[in-house]
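Some structures are shown below for you to check.
Each of the next two complexes has chain A plus one other chain: chain B in the first, chain C in the second.
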Partner chain A sequence: MKRVCTRQFRNLTRLRSFGEVREKISRSINHVCLSRRSFHGSACRLGELELTSVRYPHVQRGKYATLTEKDVDFFQKLLPQRVLQDPSELDGYNIDWMRTVRGNSQMVLRPKTTSEVAEILKYCNERHLAVVPQGGNTGLVGGSVPVFDEIVISTQLMNQIISLDEVSGIIVCQSGCVLETLDNYLAERELMMPLDLGAKGSCHIGGNVSTNAGGLRLLRYGSLHGSVLGVEAVLASGEIVDCLSSLRKDNTGYDLKQLFIGSEGTLGMVTSVSILCPRRPKAVNVAFLGVENFEAALQTFQLCKGMLAEILSACEFMDQESMQCIQENLKLTNPIKSYPLYILIETSGSHGSHDEEKLNVFLEAAMGKGIVQDGTIAMDVTQRQNIWGLRERIAEGLLHDGYNYKYDISLPLPKLYEIVEDMRQRLGSKVTRVVSYGHLGDGNLHFNVTTPEYDKEVLGLIEPYIYEWTSQVRGSVSAEHGLGFKKRDCIRYSKEPNAVKMMVKMKKLFDPNGILNPYKTIPL
Partner chain B sequence: MKRVCTRQFRNLTRLRSFGEVREKISRSINHVCLSRRSFHGSACRLGELELTSVRYPHVQRGKYATLTEKDVDFFQKLLPQRVLQDPSELDGYNIDWMRTVRGNSQMVLRPKTTSEVAEILKYCNERHLAVVPQGGNTGLVGGSVPVFDEIVISTQLMNQIISLDEVSGIIVCQSGCVLETLDNYLAERELMMPLDLGAKGSCHIGGNVSTNAGGLRLLRYGSLHGSVLGVEAVLASGEIVDCLSSLRKDNTGYDLKQLFIGSEGTLGMVTSVSILCPRRPKAVNVAFLGVENFEAALQTFQLCKGMLAEILSACEFMDQESMQCIQENLKLTNPIKSYPLYILIETSGSHGSHDEEKLNVFLEAAMGKGIVQDGTIAMDVTQRQNIWGLRERIAEGLLHDGYNYKYDISLPLPKLYEIVEDMRQRLGSKVTRVVSYGHLGDGNLHFNVTTPEYDKEVLGLIEPYIYEWTSQVRGSVSAEHGLGFKKRDCIRYSKEPNAVKMMVKMKKLFDPNGILNPYKTIPL
Partner chain C sequence: MTKGHQGHLNGVKMALRILVGCKRVIDYAVKVRVKPDKMGVVTEGVKHSMNPFDEIAVEEAVRMKEKKLASEIIAVSCGPQQCQETLRTALAMGLDRGIHVEISGKDYETLQPFHVSKILAKIAEEEKVDIIFLGKQAIDDDCNQTGQMTAALLDWPQATFASKIEKNNGDLMVTREIDGGLETINVKLPCVITSDLRLNEPRYATLPNIMKAKKKPIAKKSPADLGVDVSPRQEVLSVEDPPVREAGSIVQDVDELVSKLKAAGVV
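And now, the complex of A and B:
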């Protein structure tokens, strides 16, 4: 039993009667969608989604070759039984899991080795055949599906763990390893992956690295630019760039692996990675707090950064409208009273009672200063999952409203909620809800608007206004989702012309024929 | 008073009579050398050091223009009173602080702003005048001094702190800020820089970023690839690439800033940086332990990683020969009995008594299991500095032997000491000492051999043997020092030909005329 830190902290035990959300909640709705067993909130079934080439008529197919029988013969010899061409099998590779884009690829290749990937790319480069590398196909910006008839190179069969040094915590594996599989493998050895995502049951580590995935552990363990120690990638030419170092320090020349982190498969296809894995925490605590305004939320974050310091592992927030959404649409129960904003704080450490003491002292201070008004602490794993469920099921709740306009932006912390209030005023009664939540500790806002159905006028009120707003305060129009196909033309809101010019030059240097994941990342 | 965790841990209080090293020790001998007030172990005075062009006759001057009066006029107009040409003033910019290389630059430019740097580079690029960017000139591989007559662009006057967001801990500053100045500024705000180096009193943050400096906090806070959030750099063409984001998350296009981290000023000159700074720890503990062999050292590291977990901030090691060196040459006292290997463990946390308890429990376990034989814990700041002094003054101690062959390599942890034993056998009685120490937690070995004077035969026994050995186990021939001028031709021991080829292409893309820090990083 956890002790109550102050009398004010009166809702501590309410969570026990938290029946509505007691069912096992996967860390996010993503899990459900990703399995493709079902899809919530969409009337659209497989086969009915219009082709990307139809929906986005301004995007023209590049001057690439078209697949011939000779090509198919080549690939079938190279990858016996590992070339998919049956249209019924191709849908899952042509359509993104959000069901917003649909390519028209006629062939999926499933290599098992780096040298097979090298053979494929060498051939495609010589033949001017465009390709799209694909991992778990869990991206949110249409980056991992074909736009036209690009050949899909899937990493599904590249799923071998190559090595683990348990002393240093460095794992080396192929790019097709599923994140959760790796995390489970590490859990048996008291280690864990430095990143965690809702899509972890499906996403591939190669895709995580290629999109510089952020997620729930970034506040504590930093970005993949720091924790990825090595990358092996195949260039468009078929040349293998082996920077698969498993060293913490290596200052010999340019750090080429960084180029493949976050470039969405447009500079090379990641085939193996080496990652530094932290120790798995022995104790995890979760608190859910109510505050009166965003200023108090920031004060809470600052206070917990100082007082929880090395054990702070997440600082998430959600607003009243987020809570209303999950209450109304998912019938979840708010474990505390209604407040304008809620904060979820997680600690992860090596010593349970030390961590509890720190958390209690922090909560006493936060409530004593009048920053935090109310709160509850999870008592066990189920309660932890339930509190996390409140934060993570908002995305699911939103789908029930009808149409959902989704944005994933980074802003300087003092500006993080100003945009929400501004937008709420701007949209007024034209919309069902303006809902925001996100990673407070990372300055990452998930901003959402819902309407009963798609409304062009509402879209016109949101865009480009939200991008211009973000740009003016030097925010990022894509905090963690990347640009992919759908956002590549928004790059100018977050990057200067000289930077974009350098990117274009680098793309040309690495992939002169432009065969690698065309129509993605780099703007038209 | 700190309690003794076991009876075995009997040397706890010995440190109090630790008179020999009680004088205030700067974190490293580097401090002394860097100030250029004195230089230990070298008979060579300023003016006597031979020119790099003489010492390395195989390196030919590139086909660059030579400085004319018209050029000088241009720079004097652009930077009034900030162009140095007096030969007596130029020595400090032409010679590295180790006094191993000496350029022959005729001019030092001291811009204050990014746009001045842009003007300089635009002009130099058009005129084909080669330049070398220089920060605190504290590098160890001759990367920041001219090789021939390159114009020095010093960041000495680019020392403004631009902003600090105390909530997120993100500082933005010009590249010429001295690391220690930044750390002191942050200390007043309960924050700290994520890196710490012996040279912190002199080195510039722009140089740290350009060389991807490692240092003493890397084990805990990771590399600069993770903690640098933004970079503003000027390309050879004079174009400013503004990627000075102060966001934790930004996935809009390629992460160009990574290219400037560790590329030693050969792709662009860093003018400003944005860095994520951790909270300053409230409690710091240091323990000094003796173990019987390297296997026990690894077990100690593994145990403390697990038990100290989030509070572990350093795990350094030094061998018996290191201890003998500082005992004999610096008259320092070993606070415990003599052991084959010693380990220094530092914890940093937010709660003193929690940290002490964790440390004591760890020490009890380590001694109970028979892994650690003996040890002592620092009782106060002075004792902490004294223990750190044992580890950090080895470099100074070595200089007293005469000639010092120095290597800075990364190896897979299980191999880290094997190379030392192998080399000790190989060199036998031909040398004074074979000494090794380093960052155990990072797999980074500082390997040293001494002889009374420079001995070509000994050098031939060490090189290329040590590089080949390192290469065979996929180690790095430069863990944290970079390649610069002196090690650029060693790159092939740690990087594959395809990777080097890509680097050469990138250099050509970013700097087609090759004016930026020529003769560095990229091999001949």
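And now, the complex of A and C:
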């Protein structure tokens, strides 16, 4: 129970905003607990969440061994006090953050070092025991939890920062470091992590790297394929592959680390990473704008790319239905009036007045041309956090509706909103809500539908229609969330058969017994 | 009867003139650091913004103007050049004009509520205001003195820690937050009111207003213009971090707890 609500709990404690302080003062602690309980409204039915093996009966368990007393003894000797078997403790590791998949693992291992991970995998490989590497368990495609009884290897205790070179900005750390913890550590040294996402309070950097997480600042700092300089991973056989370089440039041989970035733990378990961290901006500005339609949104984006240029660090959008969702479910306030679409623009630079002037000139132009109807600029850090909260907490707000069908697609920009209007018509009143929001700057749409409970009929209306629609315009059916379990059969919508064949060959090369995170990512 | 914006409530005309104090402080969300010389805190390059309680005061004044109870609302800020930004924020939220009392350098470092209250009192007299709205305290010094001192200097009634303000014929009925709960008092005008947290939730300044604010006037004055002496009345000896909190320890049972308390000399 405790693990599942980590994301929500972290959001509550991390919001030190004035607004949140007001909330806590004017309502008693009970209310805070109540909102956690209401988050679990449908989690009171947590016990009723059906096993993945029941909900997806066509998925067959592979020819893996089952845990024996001998195995348990081995692990308990290897990791004294760090083996979890109590069923009440395992729920948090068996169920994903979205509460849509539930595994049946009987054991969670919590290693502290790379060599312990190597011992675990060597043993599991010899015994043909399937495993699931797990970080913060905040993934959105069911890739971080077992499907059957795979052993969970958690990076919770691998949270040491190994080194930081403040001159070059290169940090080396274990894969279990929480993203926000790393960012706070770097903040004190005027640096920052090159990625940022809503789950920052709970996600582990190892998971971020393994899924090539995108996030809110990809527009400015690029993808992890560029900012990760080195990876240390353990293969299924227990061999340690140390590509943990701290060099900005190293063109010696094949760049193996790129294979581990984004392969979702199916080629190896990431144990350490080295990341290039940018300087923390001295001046950050956030503006929240209202526009009439998607065309205006695109025009706004065009205009801000031209006028804000190098100081633009984020450009997000959300629709009125997303705003309604967070207003109803999380009681957040809209700083401006209601508009069909909202755009959040963030600038980061080294010179406050220079940036403010650029932002003001841009906003005057946007309003003058009638592209933007209204908006606000955050006047202090609290307002800035609140405005970001409007965008970052939509995912949390959606969960209050019950069951959330979540899609993450990238499309050519002009088509980005067409699909939403199409799906809205298609689903009509069969669903509670149809919302869309996303990274306007990256052409990435987060399309979500909610119903009070899991409804096969609704799922049938959405899939495969949405995948086919996306495939037809040569978009990606998973822009940044990965394939995991829920989209493991969807790769063909966005990748050619020959490419998939190569991937299967590589998987067999790296993991001949198929013990690493089976049933996920690529169809074998 | 034909004077500009005048609201009527209970048959009484209200055209109140309001002065709102806006202090520029280190932003609420920023971690404060002590300077290496231990004589103050680091302010260079640190994000500053309007004192949150002052924002609440600004919001209340704007609401009174929207209800046509106030005719003109003036923002005032004492401090260096950057206070103009704080005033622009107030103007963007809806105040009509600003007054910047320029004080910088050493004078600013030693500026105390005693000086500020004299400045505010002088301006209130010059501008013939009916209400002085201030935040109950500033988040950098937590003094909670300026409102009270200003009222005393002017010999005006004061309603501090206001969480609700209502009209009551020609007076104001103010609900105050006090230790025991809530206290409602009737206050005659002119008066000083200081805002508490629950008075209202400040609005976000919208773009059209932000742009309009650029054209609103900000008058510059010096303490000398107002006949106020800002020479220091205090000397800062040192500024230090609070002591680092030591880790607690878990005890097995009540006996152990009692013996540990005895050993620490607190029982």
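In the analysis below, the second predicted complex is superposed on the first by the 440 of 524 C-alpha atoms of A that agree within 3 Å, B and C clash if a C-alpha of one lies under 4 Å from a C-alpha of the other, contacts with A are read in each partner's own complex, and residues count from 1 in each chain.
Heads up, the rule we're going with is that contacts are C-beta pairs under 8 Å (C-beta built on N, C-alpha and C of every residue); 3 or more make two chains touch, one makes a residue touch a chain.
Please read all numbers here as calculations on a predicted model, not as lab measurements.
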Chain B versus chain C as contact partner of A:Q383, first or second or both or neither: second
Partner chain in contact with A:A365 - chain B first, chain C second, else both or neither: neither
Which of chain B and chain C A:V72 touches, first, second, both or neither: neither
First, second, both or neither for A:I162, with chain B first and chain C second: neither
Partner chain in contact with A:D374 - chain B first, chain C second, else both or neither: second
Of chain B and chain C, the chain that contacts the larger number of chain A residues: B
Touched partner set for A:L51, first chain B, second chain C, both or neither: neither
Overlapping contact positions on chain A, where the chain C interface meets the chain B interface: 282
Chain C - residues contacting chain A, complex: 27-30, 45, 47, 49-50, 52, 89, 92, 197-198, 201, 203-208, 210-211
Complex interface listing, chain B residues touching chain A: 165-169, 190, 211-212, 214, 218, 222-223, 225-227, 235, 239-243, 245-256, 258-259, 261-263, 267, 279, 281-282, 298, 301-302, 305-311, 348-351, 354, 357-358, 410-414, 439, 442-444, 474-483, 487, 490-491, 493-496, 498-500, 502-503, 505-506, 509-510, 521-522
Residues of chain A that touch chain C when the two form their complex: 16-19, 22, 25-26, 282, 288-289, 333, 335-336, 363-364, 367, 372, 374-383, 385
